[in-house]
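The chains carry the letters A, B, C, D, E and F, assigned in the order they are written, with residues numbered from 1 in each.
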Amino acid sequence: MKKIEAYIRHEAFEPIRLELLGLGFPSLTISEVKGSGRQKGITERYRGAELTNYLRPKVKLECVVAEADVQTIVDTILKHGRTGAVGDGKVFVCPVDEAYRVRTGEAGEEILQAHPDGAPTG
Amino acid sequence: MRRSLLVRGLFVGLLAALLVPRSALAQADPKTAQALTDELNNTWVIVAAFLVMFMQAGFLLLELGFTRGKNVGTMVAKILVNFSVASVMWWICGFAIAFGGDAVIAGDSGFLVGFGDTVAGAPFDGAGATFFFFQFAFAAVSLAIVWGTTLERIKFVAYPIYGIVFAGLIYPLIAHWGFGGGLFAEIGNGVQDFAGSTVVHLTGATGALAALLLLGPRKGKFGPDGKPRAIPGHSMPLFGLGVLILWLGWFGFNPGSTLNTDGSRFAEVVVVTNLAAAAGVIGASLTVFFRTKTLDVGMCGNGAIAALVAITAPSGYVEFWAAPIIGLIAGVLVVFSVYAIDKLIDDPVGALSAHGMAGIWGTLSCGIFSSPRLTTLNGVGDAGLVYSGSLKQLGVQAAGVGLAFVTVFVLSYATFFLIKVTVGLRVSEEDEEAGLDISEHGMYGYPEQFIPSAELVSYGAAPQLSATQASATKSTEVNA
Amino acid sequence: MRRSLLVRGLFVGLLAALLVPRSALAQADPKTAQALTDELNNTWVIVAAFLVMFMQAGFLLLELGFTRGKNVGTMVAKILVNFSVASVMWWICGFAIAFGGDAVIAGDSGFLVGFGDTVAGAPFDGAGATFFFFQFAFAAVSLAIVWGTTLERIKFVAYPIYGIVFAGLIYPLIAHWGFGGGLFAEIGNGVQDFAGSTVVHLTGATGALAALLLLGPRKGKFGPDGKPRAIPGHSMPLFGLGVLILWLGWFGFNPGSTLNTDGSRFAEVVVVTNLAAAAGVIGASLTVFFRTKTLDVGMCGNGAIAALVAITAPSGYVEFWAAPIIGLIAGVLVVFSVYAIDKLIDDPVGALSAHGMAGIWGTLSCGIFSSPRLTTLNGVGDAGLVYSGSLKQLGVQAAGVGLAFVTVFVLSYATFFLIKVTVGLRVSEEDEEAGLDISEHGMYGYPEQFIPSAELVSYGAAPQLSATQASATKSTEVNA
Amino acid sequence: MRRSLLVRGLFVGLLAALLVPRSALAQADPKTAQALTDELNNTWVIVAAFLVMFMQAGFLLLELGFTRGKNVGTMVAKILVNFSVASVMWWICGFAIAFGGDAVIAGDSGFLVGFGDTVAGAPFDGAGATFFFFQFAFAAVSLAIVWGTTLERIKFVAYPIYGIVFAGLIYPLIAHWGFGGGLFAEIGNGVQDFAGSTVVHLTGATGALAALLLLGPRKGKFGPDGKPRAIPGHSMPLFGLGVLILWLGWFGFNPGSTLNTDGSRFAEVVVVTNLAAAAGVIGASLTVFFRTKTLDVGMCGNGAIAALVAITAPSGYVEFWAAPIIGLIAGVLVVFSVYAIDKLIDDPVGALSAHGMAGIWGTLSCGIFSSPRLTTLNGVGDAGLVYSGSLKQLGVQAAGVGLAFVTVFVLSYATFFLIKVTVGLRVSEEDEEAGLDISEHGMYGYPEQFIPSAELVSYGAAPQLSATQASATKSTEVNA
Amino acid sequence: MKKIEAYIRHEAFEPIRLELLGLGFPSLTISEVKGSGRQKGITERYRGAELTNYLRPKVKLECVVAEADVQTIVDTILKHGRTGAVGDGKVFVCPVDEAYRVRTGEAGEEILQAHPDGAPTG
Amino acid sequence: MKKIEAYIRHEAFEPIRLELLGLGFPSLTISEVKGSGRQKGITERYRGAELTNYLRPKVKLECVVAEADVQTIVDTILKHGRTGAVGDGKVFVCPVDEAYRVRTGEAGEEILQAHPDGAPTG
């Protein structure tokens, strides 16, 4: 299993989510992060003084998938994440040793599958 | 007088119609002393009524401040719906029951009142409308007080139902007894409640108690150990603004209760009210500071409210010097009361303490501090203990308090009980967790606090990306 | 009278100058009935004017509530700049055009008015100043209404430019026709618009429509599928406070339009206004609840505003009983109107519905409900359908509505078109994404929401670390 | 008159006691011209006083807007405690020193004033109470201004201590000199300060300067390089509401200072005040825009405040045309002043500029623009430079400014110095970092911003999980 | 050393924290995340228009422990995290090469120990 | 490639960012987290009741770098992160298998370099 960590623009997320959903990967997690890279800072003005802001808001997307699916996910992210301007972000792939589904306690790669079948909501 | 008014009205009306600039109206023929007297009184009272109406904003903000961010939208819908239901019910029957004649139990004229109708033997005119609205604003305040104990878990539907009963029957009854020439005038030489520590505030707090007993505490208020836990409200700024607006509103509430401008007495009431409120803040602040070594912000505000509630009854009966004493005691009282009550039941805003306990204290305080001068001037009851050395008036005041409490509690408990067994009084545990905004109103009151901005962005919500271009267009680029 | 005033003024002035305490001034010699009449009228009207001025805060809060957190600072700058531009323009020429004489099209005296100037044949004095400010407050309200449709995407520069034209020409024209003895007095026996459902509210909403047609919807309002999407405003609490402040302000708006205290008639207008507003909330709440099974908070508020707008024209012409009907219909109407309009164009606050549709309904409702008593008293138009059985006044009202709408729309569209082709009307897509606060004002209205606290911390912003020491100094340490 | 008042009072009192509906009171026997005169004057003044009292909310909101989210609760506690301390001190001795007689230095009657007491030779009655409260509201405003420079780092205990000295001695002295017939009346033909540009605003700002010099800047305000850094306030919406409330309050502040309704002159003051404020916003907006190419929201508001402060002294002395000039200059001045001061010391809200500099400019402007008509009417000082061509009054004004500044600065610096060496003036660096809410009040003003919701959840705080069930119960499920 | 990353419900956190504390694992970090999985979205209504929300708030719990302790931690999380309804979340275990304590600069597994001994607060 | 994850105090971040920037490592991501460790909780008071807060706000710094650069980064963090008081935090190093630059789609270690050359902002 691998974990894909991508730092992307906010507006890139929705198309990525939709395509992954279509491809059968509904499961992912995002969080708000601030990043610095080659992108430049912006300067705010307030009552004559200035405040420079070197960090830009990004979305961090985390998704653990089976080895076999890594390329699909990465390609989807790269496809929708690109604007061509500095600040598009990065994608990293890291190893994962084990995975568990809290609801059932099951372990192993199979828990990463999408189970199209309905299930009681909660 | 009516006809001369009509004639003048007509004349002015025509001018107004042609709407030549106001300056020309300076030629309007002089009014009679009678007209000037009535109109000056009414102008003062209507302005006071506006201040009292504005207290709705104060109650909204105070409750918002003490609420969590997931339950704020519902407070807004609540105050609007309650105020509206009360407005209509007051017109339908509330006003009639309260002021439609001075029978002992209830009035009997003025239902669905209209211009020219005979109410309590007098034709209903501009003066009547002034009084109608001033008294309505009080009814609305009393209703607003009820809900302080019910925040964050009550079903919305309970508001209009109880509101109809409260504004249409419960409050009008008490108002009739206390303000409308009813029951309270029969006790001794009359119960002294100048602007309604009992009639308005205790009545509201009693309804709040009834609701609370049937509702129970918020999920998580009491730990498994049964110890109360802090559920901090989400915004002290909104709370603070609310307190200041209420303080302002009280300058209409008490001074306006003179119902006229005679001898500019309203100003004495203003000073008395302000001195008491100030002493209340000081009393509560010192008490909470010495008890916890930190100055609880909410308590400073509760101190002001409690003192204002306490001075409401005596404001027209006591001299300046008594005001700070009454207020100070109310301020100390409210802190201990909040702490004590918080151990047993869940009153998020402290309504039982600030309006209930303080309302009782304020009403009783008349029995102690009412001055002979003002008692005579008002022609109600006798001077208080410190002047008369007699406990008589204190007893009369206690009787008034008891009567109001029992009546309101019984009627309110019955109403809430019926609501509970029919439509239900409390939302599901899930909805309480989710917050009433999303569960009852379909949207958070602070959407950006609860909806992931990455989902809002597709709707153009997140400033994120574009902060980039913004920089390009408007801000100096700084190399990273 | 001027001289006696001067003399008395001088005398009092001297006292005031020596500034012996006010109590001494109690010896001020009694005023004449004429002076008392004028001064009482003016005192009432100026207080009403203050309430109307305060409506600016209501509009600010209402718009803030319906805006996203990235566009809040600009609303503040907007309301201050607009109100200021309007203040100056009203003095320069607005007042003169509106009230400088009762020619059919426009007034011609009172430009850059000063004390003692002759305006419409009368010397401009304190009474004139009272009227000047009261009417200015109305102009400012009308201007504030315009911007509701333009939130979150309009260029700031458009505000002052249109503001100059609106407060200097557009509004004054309509005000002259409706309030200044102009055109509307010539139609039938006169168009009935007591406080300005058409003159103030429809005028503002029409400007808003013109602006919207040239602006287009906010980015993301309509999906690729063309379906409207929710762009939730960021704060229902601010919205709710705004509604209550507007409700309060309306007690100056309608009752103040009596322009005097004769027969305390203002109080009748207060009751009528309040009953309508209440019915509006009830109507809108029930409608939205039955349509969506959830009680949209914004709609409860829109119901109040719509009803207040609707009752503005009839408030001085109808009896109590008609008020709840007019308000209820306005409340129902606004919900359907918002839903319908939202499918086509992007009106974030519902200004077109609450001020436009409701303004039209309110003006027409006079043609239905105006009572003979009040029609005679005002001396404008004829009684409404339910009394007269005739459609005449309804026709007159419709004519007034049509005239105002066409005039304002043409002038406003032209102005906004010129702005669009010259300085531009809409910000760049990037700036819209970034939010107007950062792009046009250089700083977010809620910096802590958008700037990483790790960057603010070096400026001492983040409470984080120190929460640690705070614990050491002030709070009980608890072992983790 | 007292007795007739008593008689009437008694009569009305009895009616009021029986509390037959207000309409019946319409039969109240007509008042005398003397009574009507006094009561109308007092009604106007008390309403004005309410508006001035409401300015407390304006100052609270303005400071909240310019503060970081970790220091908001303390502002609320501060305003309540200060206002309360001032209320009590004003009653104990402040009023007496200020208005208890017109000796040159201080008054000597009216300590712990009560009804019927002899104050400055007149019996203290309703009129006295009106004046007492109106003047108190001014004292409270002056005190509120002091704290603008001290935000986010001052120890809470400093507030009540300085508040006692300020409301009990410092302000009363200056008020006596400027309003109470003291010192200022002796300079030339009197210093012209209609409503207190110097007496109220400069006094407050001077106290603020003294406090700031002993406090020093907030941690992080000046970088290692000594360059000032932006510490953005947390909420422009609260700031904006504050400015509008202050603007409204000023309609009580200046026009109320007529102390009567004679000739409806208050309305002239209203217009003058509004024109100046408007010009101030325009001046500040243009200045800041041309200097930085962005429209700083805070500066638009500061422009309004500065202009209102500036027009306070001349509001009763200048004709309409002068108002926009005075306001415009104040608006331009405040921007440059804020920028200049920000380089040296840390004044978070710009109090030194908006109240200090603008207060000085406003007081001096009388020496330039005071019109002969109004100077005569007020009977204070001489016409200004543009009319008289003489610098005399300008010199008199300067003397007044100097006297007030030196006196207040010395007394305030001494007081703050004593606080600093005894209880201490500034919180520890850790507490400043943590924020005053958590360190001095035990809880954040916005708990949800600072406490991890996973910890609040066990208290039922987080809507998270339940959003799930909410969906089940109330919202359409959408397949993911 | 291993890093345990768990995406759980908010209300699951407090019991987990308490038990881990009892077991001698006070050290952990959490953050607010939004996740999508098999759980369904909710639809909000606003002025007649709709807004669907596919991401649900979750707590991300991160805890680095010695190889030997992994199972204990995982079991604790599974135990308290389970409601049985969809949305309970997942637990992942990833490798960690090295660890340092900032305060002392020490490196290695031992820094993961709980040190019951008191230490100056800050 | 390695990923460095550090949990540090807020005020430590700015100096770290500046030094890393100087050393040619502009690229990093931070997020707001709450942590518990040996640091103690604080107790808030509200209307007589209490609320204890065991989690302290920290900044989580994530930075993916080439194997060779790991020590430099770690040392920089340790250097500026230390106050010597409990709560300074921890630094962890984890393996990363692959990295992509979204803007260009390039993969591999070279995308981690700083590219001093200017590039169109976005």
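Points to keep in mind about this one:
Simple rule for what comes next: contacts are C-beta pairs under 8 Å (C-beta built on N, C-alpha and C of every residue); 3 or more make two chains touch, one makes a residue touch a chain.
Note that the structure is a prediction, hence the values are computed from the model and not measured.
Of the two interfaces, D-E and B-F, the higher number of touching C-beta pairs belongs to D-E. Centre-to-centre separation of subunit C and subunit F, using mean CA positions: 51 Å.
A separation of 47 Å divides the Cα centre of subunit B from that of subunit E. Subunit C and subunit D have centres, each the mean of its CA atoms, that are 27 Å apart. Of all residues in subunit B, those that touch two or more other chains are 32-33, 36, 38, 40, 43, 47, 125, 127-128, 130, 229-232, 235, 292, 294, 296, 438, 440, 442-444, 447, 450-452, 454-455, 458-459, 462-463, 465, 467-472, 474-475, 477, 480. In subunit F, the residues that reach two or more other chains under the touch definition are 26, 30-32, 34, 36-40, 42, 44-46, 51, 53-55, 57-58, 85, 87, 94-95, 121-122. If you sketch which chains touch which, every chain touches every other chain without exception.
Within the complex formed with subunit E, the residues of subunit D that make contact are 452-455, 457-458, 462-465, 467-468, 470-471, 475-480. Here subunit C touches subunit E in the complex through residues 228-232, 292, 294, 296, 298-299, 338-339, 342, 350, 468-469, 471-472, 477, 480, going by the rule given at the top.
For subunit A in complex with subunit D, the touching residues are 21, 26, 44-51, 121-122.
For subunit C in complex with subunit B, the residues that touch the partner chain are 1, 32-34, 36-38, 40-41, 43-45, 47, 51, 68-70, 99-100, 102, 110, 119-125, 127-128, 130-131, 134, 179-181, 185, 190, 218-221, 229-237, 239-241, 243-245, 247-248, 251, 255, 258-268, 270-271, 274-275, 277-282, 285, 292, 294-297, 300-301, 303-304, 319-321, 324, 373, 376-380, 428, 430-435, 438-440, 442, 444, 449-450, 474. Contact residues of subunit F toward subunit D in the complex are 34, 42, 44-46, 51, 53-55, 57.
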